[in-house]
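To start, I am sharing the structure in question, which I have written as structure tokens.
Residue numbering begins at 1 within each chain, and the chains themselves are lettered A, B, C and D in the order written.
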Amino acid sequence: MIILPYVRKAQFYETDQMGVIHHSNYIRWFEEARVDFMRQIGFPYERVESMGITFAVLGLSCEYRASVLFGDTVRVQVEMKACSHSRMTIGYDVADEATGEPRTTGETHHFFFKKKNARPVSLKRAIPELYDIFCSLIP
Amino acid sequence: MIILPYVRKAQFYETDQMGVIHHSNYIRWFEEARVDFMRQIGFPYERVESMGITFAVLGLSCEYRASVLFGDTVRVQVEMKACSHSRMTIGYDVADEATGEPRTTGETHHFFFKKKNARPVSLKRAIPELYDIFCSLIP
Amino acid sequence: MIILPYVRKAQFYETDQMGVIHHSNYIRWFEEARVDFMRQIGFPYERVESMGITFAVLGLSCEYRASVLFGDTVRVQVEMKACSHSRMTIGYDVADEATGEPRTTGETHHFFFKKKNARPVSLKRAIPELYDIFCSLIP
Amino acid sequence: MIILPYVRKAQFYETDQMGVIHHSNYIRWFEEARVDFMRQIGFPYERVESMGITFAVLGLSCEYRASVLFGDTVRVQVEMKACSHSRMTIGYDVADEATGEPRTTGETHHFFFKKKNARPVSLKRAIPELYDIFCSLIP
């Protein structure tokens, strides 16, 4: 399965007075790319939620290499970094769409839990098909 | 009853590349001031919601007179403009805290509905005490 | 000249605890659609700015008809409402992409000014070609 | 020198459809607290910028321990973690103001550069007084 990059224009309201995209927005772009990634692998959030499972964000990190400007188009490449029964790590690589030059990289850490009672759950047991896809995508 | 202005610092992440607070943020400041207003009159959102009632935003308008800069402190004066059984209009006056100079004015229009079934409700019947406060605050 | 609608997915981070897109985000979607509109008519913001002219937001209004949910795709139709030498009004019609059902409508009011000295300017004199396009698009 | 915590109310527009503050907002709270920290030590951003120096964000990390809800008040304790001639790391500890219970921790990494030419600069040479304060605050 090949994951296509998520493509996105940088918006005016995302700039700050330094004239660049404010660093907090990349966290939101990671989320957009993650949502798109789930769609690509056939498990959009709605479907996972309808199965009673949710992913919470446990932590994240982000490294800024170069600025993105209003009007730039970026592509965000999502990569599964790790997956266990209870947790996963997703990586993000943001690059300029036109030149391919790197902009930002990051990771988000998640754990799986039941919506009903907010208790941790084994994804392998709850949605084995999704667990297998996650594992198969780890390079 | 005297409604005190809501005081607030303009944040760096709220600026845009023109070097001023992006115009979309005032809508959020109106909400912050509205939440504070409800607290001041003794009906914080939590209390109203616990009574099964919610306010939805029907519409809004905003006029920009002068820019707010990062680091400026503003005060938002809330004023009840109108209230009927089913609807209300709240006005906002944003001014520089230091100089009193006008920055932005706006209005939000709301209607009242039951949380349980999302149906419109008469505030006068549902929470008469709150309805009376709203009416008493119209200048 | 036919202006195509701007198409956009509603994002998770744009929701609020009522389970719908927070009303402040529509102001940002209007801006995205406006930027796209300028691109469609051959005058992207960068080009207008490189000619020394900028549009400031003087005011706006917004009416909410129905909620947008996370995962919904909307289309925003931009329409020139009015244009004078010094000002213009742009209208926005947000509808569900799948069903065409109305979601939100709004307007933004702008005036034209010189970047160099922040003084009002006649668009008709500064960029007559753009002024003519704006006028030709008023229905 | 004792750094006081930065106190802040969680806003309605910062919630998401899970009913909690969306994780991207903590990055913005870190910035608010950082701005307040600079003010406390006598070097507000405006002053540093007027000396021709700026801090860029190189990277950040964030760990989420427990959710913050609309209406909660949090305090953000800022702590200098490291400082060299060219870089610094700042830590953040977000806790519930009422109970002291931990909510989120994080770090941001910065480097110093000249505004004029965007080149890295030695803070020790550019603003030795500020460099000394940063160093003295490392526990």
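We take it that a contact is a pair of C-beta atoms (placed from the backbone, for glycine too) under 8 Å apart; a residue touches a chain by one contact, two chains touch by 3 or more.
Values in this document were obtained by computation on a predicted structure and should not be read as measured data.
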item: Reference subunit D; chain at largest CA-centroid distance; value: C
item: B-C or C-D, whichever has more C-beta pairs in contact; value: B-C
item: Intercentroid distance (Cα basis), subunit D paired with subunit C, Å; value: 35
item: Whole-Å separation of chain centres (CA-atom averages), subunit B against subunit C; value: 25
item: Shared-contact residues (touching 2 or more other chains) in subunit B; value: 12-13, 18, 24, 28, 31, 70
item: Of subunit C, residues touching subunit D in the complex; value: 12-13, 15-20, 22, 24, 70
item: Complex contacts: residues of subunit C adjacent to subunit B; value: 18, 23-24, 27-28, 31, 54, 56-64
item: Residues on subunit D engaged by subunit B in the complex (per definition of touch); value: 11-13, 28, 31-32, 35, 44-46, 70-71
